[in-house]
Structures are given as C-alpha cells and as structure tokens.
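Got a structure here, written out as structure tokens. Questions coming.
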Amino acid sequence: MISSRLVSLGARTGPRRFMSTASKLTTVEVNDKTGIATLTMCRPPVNGQNLELLLDIKSSIKEIENNSSRGLIITSASPKVFCAGLDILEMYKPEQQRLRAVWTELQNVWCALYGISMPTAAAINGHAPAGGCLLATACEYRVMVPDCRIGLNETQLGIIAPKWLVSGFLNVLPKRVAERALTQSRLFTTDEALQEGLIDEIATSKEEAVEKCAAFIGTFARVNPVARALTKQQFRADNLRQFHKEREQDVENFLSLVNRPEVQKGIGLYLQGLKKKKANKK
Amino acid sequence: MISSRLVSLGARTGPRRFMSTASKLTTVEVNDKTGIATLTMCRPPVNGQNLELLLDIKSSIKEIENNSSRGLIITSASPKVFCAGLDILEMYKPEQQRLRAVWTELQNVWCALYGISMPTAAAINGHAPAGGCLLATACEYRVMVPDCRIGLNETQLGIIAPKWLVSGFLNVLPKRVAERALTQSRLFTTDEALQEGLIDEIATSKEEAVEKCAAFIGTFARVNPVARALTKQQFRADNLRQFHKEREQDVENFLSLVNRPEVQKGIGLYLQGLKKKKANKK
Amino acid sequence: MISSRLVSLGARTGPRRFMSTASKLTTVEVNDKTGIATLTMCRPPVNGQNLELLLDIKSSIKEIENNSSRGLIITSASPKVFCAGLDILEMYKPEQQRLRAVWTELQNVWCALYGISMPTAAAINGHAPAGGCLLATACEYRVMVPDCRIGLNETQLGIIAPKWLVSGFLNVLPKRVAERALTQSRLFTTDEALQEGLIDEIATSKEEAVEKCAAFIGTFARVNPVARALTKQQFRADNLRQFHKEREQDVENFLSLVNRPEVQKGIGLYLQGLKKKKANKK
C-alpha cells in the first residue's frame, strides 16, 4: 500500500503565500506484513529542505504516528543523496517571514521525529550533510550505504547547529568527537561514521539498508510497547524540554545569523560555485 | 569473621505486617587483613528481590558503612545467579502497601550503594538482569564470570527502568548503547558487557571475581580517603539530587504501571511459563 | 616575532604584596605565516603553578585573544615537564590571602583557556599531572610526546579536582573512565592517554607536537570563524555557567581542604620526600 500524502491547507483562511496548497514531496508506504511504515523523501535532485518538503515530512511523520505503525523508516528516492539539508535558496536573500517558517518547520520535523514513541530508523542511501544528518540522528538506528558522507557541517556556511540538534548528535557521538566535528564542519565517510558510532551498520544497497532497518525495528517484537515508548520518552525528555524552552530564541538566532552580510555573501559565492560546476558539466 | 546481620524491627510500634522481624538473607564478611567487607546475598534460588531481601541488603550496606571498612564487595551465594531482580511475586496481584514498600526499598538500596563513599565493586558470579544489574551498576567496578547475562530488561515485563537507575547505567555505557539496550530489554553476554564497558573484567570463578574486586579496591591504598570520598560524592551528586527530587513520583509511576491490567496479565503468563518449565524439568 | 609579555601592575594603587610587579614566566610567539600564537610556560624546572605563573598565563591568553590570532598552542620550555600543576609550596603553611589568590587565578586561567573562541591545542612535551592536565583538557586538541604521564591526581595530596575542572575532563573521557581515574589519582601513560581519548595524537618531539597542533588549527581554515566561535561557545556554555555559579564556593572548599591538619602533614611529608630525592641525586 502506498499512500502519497497530500498537504491540503486550502481550507485555512487568510493569506498564506509561503505554504503550498498541494504537494507530494514525500510518500508513505506501509508494509502490510511487518506493519512498518517507510517515509521516502522525493524532492529531486537532493531533497533540499525547502519549506514545502519540511511541511510534508512533518505531516508524514504525524500520519505514521496516527496510524500506529510498528515503526518508521526514513529514506530517500534520490539515488545518491539521502538529504542535502536546508535548501540553500531558502537562505539567500530571504523573505523574512518565509525564512522564519523554514526554520520553525525544521524544528518541528526534528521534534516530531526525535520524540515519536515508535521505533525509528534511517536508511541512509546517500549523502547526509546538515539537515540530512539531523533526520538520521533523530532516529534510533542508522544504516548507510558505502562511500557517502554524513555530518553537521553548518559552520561552513556561517550558520551553526543549534543546541537541540547538537543534543541528538551527542546521543550517538562522544563529546570530544562531537565538538571537534561541529567546529570543523566535518563530514564523516561511511566507514568513519561506523567507527565513531554516528551510524550503526553499513549496507551495500538502499534495499539492504531498508531491510536492516526493518530488522532493527523487529527486535522490539518481544518487548511491551507501552513500556518501550515510556522508556524512549524518558530518555529523550530532557533534550525535548530544553528544546521547547529555547525554540523561539533559536529562530531569532538563526535569522540574525543568516541575515549577516558576510553570510549572505558566502552563500552567494557558494551558489555561483554550484552554477559553474553545473555549466562545466554540460 | 562472619557477622550475619539480623533485622530486628520488633521494638517499633504499630502494625508492620510486611516487615520481617528477623531475617538472614545477607551475610557480611570482613577480611581482617584487607579490611574489605563482602556482602553476600543468600535468598535461594536466584536472590529474587522481595521486600525482606531488599531490607536486608540496605541494612548490610549501612552496617558496612558504619564499620568504616576499606571497601565493599557485593556477590551472591547462588551458584548461577548473581541476582534475578525484583521478585516477580511481589508484582503479581500485589497488596498495594507492600508493593509501595518494595519499590521504596529498591530505591533505598540503590541510593545507599550508589552514594556510599567507600570503594565498591560487584563480583557478578552469575546472571544479573534488572535489579541485579542495578546493584552492579551502582558499584564502581564490575567483574563477571563467563557465559552469563546482564542488563536492564524491564520493558520485557511492561515496566520501565526509572531515571535514577538509568543515570547509573549511563555512567558506564555510551548513550547510544544505553538507549537501545533499555528499549530492547537487551541482556548482554559477559563478552558483550566487557566490550561495551558494562563490566570491567572477566573472572573464571566467583573466587577470582572477588579477588579482582579486592585488587581494584586495593588501588585506593595510596590515595587520601577523604579526598577520594569527596571526589566520588561530587561525581555522583547530581544524579542523587535528581533521584531525591523524583523518588516519590517514581513510586507512583511504578505502582500505576504494575497495576495496569495488561501488565498483570503479562506477569501472569510469565509465571505460568516458569511453572511449566519447572514441571518439564521433573 | 617573539613578544615576551610583561605583567606591569605597578600602576595599580594600594598594597598588593602577593602580586609580582614584573615577571616573565611565559612567552608568546606568533607565527607570521600561519597567524598561530604559541604560549610557552618558562618557570623552571617544572612550571610549578605559583601565583606569578598563573597571572602570566592568564595575561598571555588575554593578549593572544586581543591580537585575534588564528589559534593558540600552549607548551613548555622545560625539556621533560609540560606543567607539574600547582606549586606545592603555595599550599604548604600558606598565607591565606595568597592561597585564595592562587586558586582564584587557577580558576581564571581555566576559564580563559576553556572559553576562548579561537582554536586551541596543547603540545604536551612532558609530564602533565594535575594543573598540567587542566591546561591540556581546556584546549580542543592534545598532542603528547612518548613515555610521559598525564592525569588529575589531586586526591593523592588530599585535595580534589573541582567540578569545573572535571567538566572539562568529561569532555574527553567516558564517565566510567573519568570517575575511576579521579578517585584513583590515575596518571595515564602517553599510550594509555591516546587509547582512552585523553590525548589525540602522539609526537616524537616537542617540535613535531607543535606542528601537529598547528595542523589541527589549520583544519579550521575553510570554516566561517564566527560560526566556529559560536559553535564552540555554545558547546561549552553550560560548563562555564555552572563554573561561574560555583566559583566562590569552590575557593572556600579548596581553602578548607588545604588547611586540614592531615593535608598539611601529607604535603609536608611529600616535600621531605622531594628533598631526600634531590639529596640522593647529588
């Protein structure tokens, strides 16, 4: 069964220019045998997290939560990229109201995925920098294909990984490794990620990655689901409480950083570089 | 010198039906040469933690503390089990007042052992699930015999490892490993426990385990005992402070979980399974 | 360029008997090519941290901070010792006002080095017990020469590593390893330190250690320096906030410990031992 989710906000009143009225940037597929839902991001070419994709991911998570699936696997329809993080175009010469919404929805996605009580796993079938790593580390388990990169490389663009995101990063990495990686904008290769604990297994293909994620979720079959949920929530409660306390200030911090002239300049240069690369390829 | 501890609460006034007036479920032996006290649990067959055993363990810890021994080693008189955790009969169709006392005394045992200033070590001479793992992780050092299992498998029965217990678990395991183990009800083999850091050494026999524990405690001979005590207390103070803030609520949470009909049903099925096993053995 | 820093407090009014009016116990050298500043401690024979050395280290850190260097490397002019920690003479039969100043300045040095936003690394060209380990763990990276020792061995003398210092220790070591090392006064060999994560690399000489530190600092070239600084500060903010809340009480704790008769006696015996060793060498 594949149920593509439609965001229909048309019924809401008032002008909402930055909201799509209908989009289809994620699919949710539930395996009838295992009861596990697979959330696939499908915004080619690299699942850049623009506002619409973020809204879609959030709604898909909520849908899966409400359908009381046995577990959630997140993956990508792109062949080489799991998720490239925030769509950089959202940050370049941004309309402030929309920029604010983008960051708020990134927060909402993290908090929905990090806090969901069912088992979660990421089948990382390609690169996962920044917001891609955010999705992966919000899950309980990570399986990655070879020769890819994962990490929180925010400082490269002049922004910073916020505290709530770092808290999830610190759930899987030692402090020493985490601080260094964050300040260095380090992207771990698949092998390095496995060695440091940033991922849990390597799979040779996306299919195998999804299977291994399903096997992980299967380990909870013999466990009382209520006790499991309470245990996970208790484990993550402090980070979530801290997140809710700081989330508004965090939006302001993000906006003020992105609007710095030198950051805008840096993003501009980065975009020019991308264009050149594209041109050279042709 | 072996001083078997007697709990004599007879002098207290009022009805205390759930307290034993005299029990002998632990022994305390002090090595005159090393000054190290060994606390041995002796409630056959598996040191199931009923109210009486818990009261005895607590009193023995206090006795050792007051006798200013050089260190404390906890072990078991059973050949194959260190401690099987809470006596499941205490949780099945429970008398509420007694159930409350059981959990309160489990808290008291943890907090007495976790917070004692002298060096502590567990000679884990058999399986150590749930409350057995609690005792082991409250100590500063753990030596275990081969081919046994240790872990916090509370979720299997529908209850959860409370925050204070998890805090001690997190002193020895990385967060990633701990969250997964807790949600999966994972029991680590001796080898896995060593690899992940849940235990510190393997010993081929109980005697060797006790010797290795004594050797660990011996490493403190050259250290100022006051400074050692203050250092340990400072290290553990935050967890203890948090425990004291939450301990009453924690009792309520435990009671409400255990009294859930489906948890009672699960415990009932588990007990039936045990009976069948026993019958088949005959 | 070598600019030896001079502390000139002569202009300040009022009696300041315990402050040196001019000292030269550190040098600051800035590499014109890389922009990296090297702070060298030069109080022979072992860089014992007396009040004057601590004041000098603090001023040198501030100077480097104000000159907006690209990074800071801390090392020692002594051939076999990076820094032996607090000068024990400061603690023996102490003048109370000066003892208070010594500990306050140790706090100031830690907080200046731990909180500085530029990249920091320690070229540990010799032994680094106690206050030497403090300097090293306040940095972001540690390179050490072979066959040396590093650790927080405060309990050996009857004092304790304060919470703020432990917080830095816990940034690089697992909790289990840290608690045990602190209570045992453990000094790690170079090899053990590498294995546990207390240092990051081994270098065969001081020169190579400095080079490797510079290479580490070089990895930040491609990163936005503002975002890097904010990321580091965010990572360390909780520990610094806690430090500022507790720093006054911490001074009182230290004084009360050092003034204990048995601690004074222990220090006396230790000093006698040192004298004997010296005499035997002649």
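Chains here go by letter, A, B and C, matching the order in which they are written, and residues are numbered from 1 within each.
Throughout what follows, a contact is a pair of C-beta atoms (placed from the backbone, for glycine too) under 8 Å apart; a residue touches a chain by one contact, two chains touch by 3 or more.
Because the structure is a prediction, the values reported are computed rather than measured.
Chain contacts in this assembly form a complete graph, since each chain touches every other chain. Interface of chain A with chain C: the two copies contact each other largely through different residue positions, with under half of all numbers used appearing on both sides. Averaging Cα coordinates per chain places chain A and chain C 40 Å apart. The set of chain A residues that touch two or more partner chains comprises 174. Of all the residues in chain A, the ones that touch chain B in their complex are 119, 140-141, 170-172, 174, 197, 219-220, 222-224, 226-228, 230-232, 234-235. Within the complex, the chain A residues that touch chain C are 154-161, 163, 166, 174-176, 178-180, 182-185, 257, 260, 262-263, 266.
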